[in-house]
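Two complexes, one shared chain (chain A), two partners (chain B, chain C).
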Partner chain A sequence: MTAYLIRRLFQMTIVIFGVSIFMFSLFNIAPGGPLTGLQQQQRRITPEERARIRAQYELDLYWPVRYTRWLVGWPQGPLVINGQEFFANVPVGCYLEATPEQGGGCADYVYLSEVPQLHPKVRSSRGILFGDFGPSTVVQAGQPVWDLLASRLWATVELQVISLALALIIAIPLGIYSAVHQYSKFDYSFTTAAFIGSSMPTFFFGLMFILVFTILAGQIQDMWAWWPTLPPGLREAVRPYDVASWLTSVQPGSPLDRFLHLLMPVMVLTIVSVAAWSRFLRSSMLEVLRQDYVRTARAKGLVERLVINKHALRNALIPFITIVVLQIPLFFAGAIVTETVFAWPGMGRLFFDALNRSDYNIALAFIYVTTILTVVATLLGDILYSVIDPRIRYS
Partner chain B sequence: MKTKKFLVIALLTILSLVVSACAAPATMPGAAPEAGQEMGSSSGVEEFTTPHPILSDVKVRRALAHCIDRDALIASVYPYAEDAAGLQMDSFLPKTHWAYSGPYEDMPQYDPEAGKALLEEAGWTQAEGEPVRTNANGDALVLKFTTTSAQFRQTWSQVMIQNVADCGFQIIPTYAPASWWFGDTTGLARRDFELGAYAWVGQADPGGRTLYACDQIPLPSNGWEGQNTMGWCNEAASSAIVKANNTLLREDRVDAYNIVQQEFAKDVVSIPVFQRAEAEAWGANVEGFTVDPTEYSSANASQWSLSDGGDTIVVAMTQEPDSLWGLVSSMAASAYVIAPGVGQTFTQFDYDFQPVVQDGLSTVESGLATNEVVDVAAGDVVYTYDGLPEVLEAGVKVNDAEGNAVEWDGASPLQMNQLTVTYKLKPYTWSDGTPGSAADMELAAKIECDRTSGATSFAGCDTIGMGEEDVQNVLDNITFGEGLEMTVKYLPGAQSPTYYLYPFGNTGKGGLYPAHQVVGDGRTLADVPAQEWLTLPEIAERPLSFGPYYVKEWNKGQNLVLEQNPYYEGDVATPNIIFVFVADTNQAVAQLLNGDVDIVEKSTLGAGAEVQTVIDAAAAGQPIEYELSPSPTWEHIDINMFTK
Partner chain C sequence: MTASAEPIAIRKIPREGKEESQFQIVLSRFLRHRLAVAGVAVIVIMFVGALLAPYIAPFPRDAVDVAVATRPGPPGTMSSAGQVHLLGVDHLGRDLFTRLLYGARVSLSIAFIVVIVSEVFGVILGATAGFMGGWFDIFISRLVEFLLSIPTLPILLITASILIKTEAQLPLPAFVTGFVSWMLASPPQEANKVIVLIVILILLGWTGAARLMRGMALTLRNQDFVEALRAVGASNTRIMFRHIIPNGLAPILVNASLGLAGIVIAEATLSFLGVGVQEPTPSWGNMLSTAQSYMFQHPWLPLVPGIPLCLVTISFNFIGDGLRDALDPRLKR
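What follows is the complex of A and B.
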């Protein structure tokens, strides 16, 4: 097991390194970027101004240099040994491109000695390997990315954990019941509902909920006075509001207010997860129920409840572990669409903003952490297999 | 073994990528092209200097404009707009702009028969049953049309394509990603189009020199500088646009802009399609809310109130400010918050300027500004014809005292105009209770003209001194008088038409900094180097305010809370304003209808389908109000008169 873990950790390091260099390259070769639309601001932009703006985003440095600065915070300037500078005249970028009349190419190189002046430490990263994701360049210009991530993390964890717990509580019994009562009326109804749930996009459910519980709620209340008007978005209100005649003056920031704001996004995430997971568990259960050891258990005269819960369910849950552990990265990554539709101030919305506005430092930090969590979750899943299924040995 | 091979290959690939990315370019800087060397073209002729075989003919351009039914285009994207005529344009300025002197009847309006007749005159005939016209050589009247992939533009352009097809044009559309079309080195920036559609944002000061002057045509030889992507060089229009941007008196400017607009209408190098519509919506109990084309509605937030006596107004915004330091932020969301939450020196309502903290506009007429003719000599720092501060020497091109562009020979006597302007501020008090002082203005000059601040433009500072070399060169030309005033001696040749506006801040937003403020590490703000300001919470997140409100709290991703500045001397109708950050327009409208927010401002509401939801809700009796108005942003089709 130890050898296996060491091998896996080594592989994980390569995967994480590979993903980081791949994503960094991808962001750099993709069209667009923070300079898109600069010409459209209807003012004169001289080549010098453009060069200055490029330098603010470190686009004046060659991308391998940017990559190492992002990864390990190096180079920050020439190598200094005993007060003597080395490699000071090594070009590490191009500050100002030459016009064709000048022969093209670079008119003004960035030398290592100029890096501290052009890219002062106060605005640079110490390297993500040392836990510094650098400053945000666009979304919150100049603010540390880590602060931004931290400010959004709890909102996402709250949403994801609650919806995950709810989805598991609902999906597992549903899947079992549906499998045990295969081809019953319940099974057919449940299968239909599950197909609808898993085939419709989350934004559809989100917008439908907002329509029914917010926009049309007033009209529905004309028929049914008890119908609630739920807050359509955000994490908490900013002033008191009424839900229905039976619930008035909900105070902003109160537990009830937080609960009401959670309702719709949690419902959407839960519906989608329940639809998919319960179908998965139903299939898994059906496969296990046909196994010889289940028949044997029944032949031994065990009561059906024990057969299902002890012999069938435990085995049916093994593949289900993969699905559940892979939800771990979502605690960080969030649900981009749901958070956007419900204006939930979480990680998913931050990532969406960062991509839309070419804030590469935030986007890369997000991808980097999600990658680490994904490979760790995969490892955790593999370890759990061996715990749950004694037949599996890692040696 | 396989793993080893894989690792070796991976390492070699990475190494080759690194080497190729770091490799010096094949041509070293400074190397001049050899005789006969190509200038961005395989033919030996510079790109975009060969007249376009179809579009260089003004008759074809006029015919094209005649064939476009602007009303139909407007109806396709704004089905709810009742006054389509109010969005139509016949110039590059909206009809309500002070510099508009139209109507310009030379700009062809919808008249397909006139368009067809012009095409016949130009030699483009249409055979019976043929959909596309051809000329005597058998060439078809086919043009490429490029714009972004935005649904809005795809919609109106499809109507336009159908319109012009009825006249015998065939249009091949390309709906490119905005990242390509507006890219730094692609699309529009490289004039890679025949017909190209996009939008300009109209401003209180029309500017326009970079768009319509002959020396602003982007070419490979000038490093693609300029925004005159049509390649339009009309001497009368070019001289007039230069004069309009180099003249102080408004009457003279109106006359100059009139000439440019007349020539623009005659030559039809760009077809103004329509002004965009924009909408703002608010709860029926909100009072004092005003909508304006060129100023943010929050500029008069101190006058907003709730008829039910509520003490908090909630505003929905889809964008969250990136910083509350106006110098480095170009976001509308930042300016929207800064206006009430930090303060304004002047506003720009209704395509014009009004002083706020600035104590009157410092015009020549008011006696606060003088424009004198001065002798300049070699070695003096002057403001050049190209808009840069330079040391005067032979070969430098400047505007002389008569306004003529001259290249100095290094010996002749030269006279230039020099502006000296005194800017006075009304007494103001920071939100920590400290009275404002001239030191705040001095700090503004020191920081905003410092190249390390993170600002993207130093155009204003460049009119005062050579700040690129040392910010002290700028400060040397500013004197701070007793009380709240400063006098700026602009460089000879700097004749900014908006000289009368306080020169620091983002078009009137911010621009004063509390020199006395002590920051987190114990230094005073005046002692913090400019390069650190971007990361200072005291500047970017919780700045002191000289406006009606100050930033009390900023919950990232959720809301930003403004509270009444207790030291503000004017009236404030509602003590709290909260900006909530919602992700999309649907959500903002839902919150408005739900009563969770009171105001949905224009950049959030936009002019899409959600406006119809608001209109329907108001018609159904929901307690909301809205206003649709012509935006200063206008869609147009540029015509590239030259080919690659």
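What follows is the complex of A and C.
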């Protein structure tokens, strides 16, 4: 087990490292970058100005140097040991490129000793590996990305925890009932509904909910007076509103207002998870019900309820738990679509806004955090698997 | 050894009932899955509509009718020339039925290209990895593990957004651009952008097939028939392409069918979020995206591209389900 854990931790490091390289190259080596737009705006730009702007974005440094500075905040300058500077004369970048007439190459190298003056510790002092993602550039310019993410974290967690709990409460009984009554009318209609539910795109679900509970709610109320009108987006209302004839003048910011705003996004997320999970639990339950130990339990004369709850369910839950654990990090990523449709001010929506407005520090931080969460959850799921099922041993 | 000629004679004895080939068995089992058959029907209708889009569409794809009474207009709106817009017009006065047909062409083309290329790619890589073993297997397995352990949607979004914003031009031979532009029934300029999207989807989409095929190859390569093939002197390439891959193709087929639904959803999601297929190329996703901004005044708008989108994804999933039941020998009755 220890050897397995060490190997997995090593793999995790490689995955995180790989993602960081991929992201870095996407942002820095891919065509485009800050200079392309500038050149399109003003064609006549002197080489000196160009060099100054390049330096502003650290583009004068060579990319391996830029990468390590971005990842771990190093090197910030020459190595100082006992007041003595080492490697001060190593060129780490090119401030001004030589023109072809001058024979190409570099006209003005950046040496390691010049780095502290040219690039002082403002942008990213510690590196993203230590959680320093630098400031936001567009969405809320100047504010540290970490603070922005943290301020949005609560909204996402609220949404996800509620829908996770609801989905579990609904999916487990549904899956069990459907498996125990296999090929019954209920089973057929349930599996078909779950199948359709899990194969529809999430955002269309969201749009349909908005259509039925907000846009067409007025018309539906003409037929059924009790039909509610739900707020289609955001977390709180701005002014008092009426839901239905039985619930009028909801005050903005009240707990009831917050609850009403939660309803639609939670419903969408819950339905999607229930459709997938109950189907999974049904099939794993069916597998278990065929086992010999279930027949033995029945042969002993146990009550059917005990056979199902004690003998079958516990074993069927083993693969189910790992599936659920694996889903947890996907919540942060998977909520992008739902949060965008319902204008929910969570992390996924922040990521999407950041992408649209080219605020790449935020986008990078989001991806970095979700990657780490995914990798950690995968490991946790595997460990949990071996803990609850003693038949599984890792070597 | 006198009996060695006997089995040949036995085969000629007429059997009771008609003889069924493997294909017929699979087909009859597939036909028993009614929802899968309905799925095939839906896909065939969509496919024919998409294929004939340039001929049956009542209007040119991007024709803007400024003089139409209301924009967006409900189904049955009359155009200024006196023609009926079957499904209405969008906010620019373009015929929605026409754009729906072309959108079907774009969405289905992307799905089929991505799935076919990534399954072929995955099958070859997976089979080679499983059959050859060694460093290549380690490399492929690690790569697949890596791609499966990263959060796909944010990575897709960010890659697509950056590449589309930077107007990346892939160095492609003209026939590829030409072929895709024919598939999409849109000019090469637009096809180029769609190819970027296709490439991104392929890069993240081949892992499933590779993992499946590698597993199949690992079990198949130790079986007696492979040993026998070696004994008669078959080359590695021949064993792999003529025996290993065909034997492991059944789960790949199921995977591909479910993959089609997945890619249709992925493309629609990206386009809906504005980083997939770009206007004026129509796709169901970007039609939904514009519909969203007008749906408060015009509630029918999201239904026009939304219903076919759902029908197609559900149909592909049902077909995959039916194929799985039909191809799984354990369920043989």
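In this section, the second predicted complex is superposed on the first by the 298 of 395 C-alpha atoms of A that agree within 3 Å, B and C clash if a C-alpha of one lies under 4 Å from a C-alpha of the other, contacts with A are read in each partner's own complex, and residues count from 1 in each chain.
Operating definition for what follows: a residue touches a chain if its C-beta (ideal position, glycine included) is under 8 Å from a C-beta of that chain, and two chains touch if they have at least 3 such contacts.
Keep in mind that what you see is a predicted model, and the values were worked out from it rather than measured.
In the superposed model, A:T340 lies in contact with both chain B and chain C. Of the two partner chains placed by the overlay, only chain B lies in contact with A:P135; chain C stays clear of it. Of the two partner chains placed by superposition, chain B and chain C are both touched by A:I215. In the superposed model, A:A194 makes contact with neither chain B nor chain C. Of the two partner chains, chain C is the only one touched by A:T370; chain B is not. Touch counts on chain A: comparing chain C and chain B, the chain ahead is B. In the superposition on chain A, A:L207 contacts both chain B and chain C. In the superposed pair of complexes, A:V243 makes contact with neither chain B nor chain C.
By the document's definition of touching, of the two partners only chain C reaches A:L330; chain B does not. When both complexes are aligned on chain A by C-alpha atoms, chain A residues 18, 30-32, 36, 207, 210, 215, 340-341, 352 touch chain B in the first and chain C in the second.
Every residue of chain C that touches chain A in the complex is listed here, in rising order: 35, 145-146, 149-155, 157-159, 161-163, 165-168, 261, 265, 268-269, 272-275, 288, 291-292, 295-296, 299, 302, 306, 309-310, 313-314, 316-318, 321. Interface of chain B with chain A (complex): residues 10, 14, 17-18, 21-22, 24-33, 39-40, 177-180, 182-184, 186, 188-189, 198, 200-201, 203, 207, 209-211, 220-223, 225, 227, 310, 312, 314, 320, 322-323, 328-330, 387-388, 451-452, 454, 456-459, 468, 531-532, 534-535, 540-541, 555-559, 578, 580-584, 586-587, 590-591, 593-596, 622. On the chain A side of its complex with chain B, the touching residues are 18, 21, 25, 30-33, 35-50, 52-53, 56, 62-65, 91-92, 97-109, 120, 122-123, 135-136, 138-143, 148, 151-152, 155, 207, 210, 214-215, 217-218, 229, 231-239, 241, 339-343, 345-346, 349-350, 352-353. Listed in rising order, the residues of chain A touching chain C in the complex are 11, 14-15, 18-19, 23, 26-27, 30-32, 36, 192, 195-196, 198-204, 207-208, 210-211, 215-216, 329-330, 332-334, 336-337, 340-341, 351-352, 355-356, 358, 363, 366-367, 370-371, 374-375, 378.
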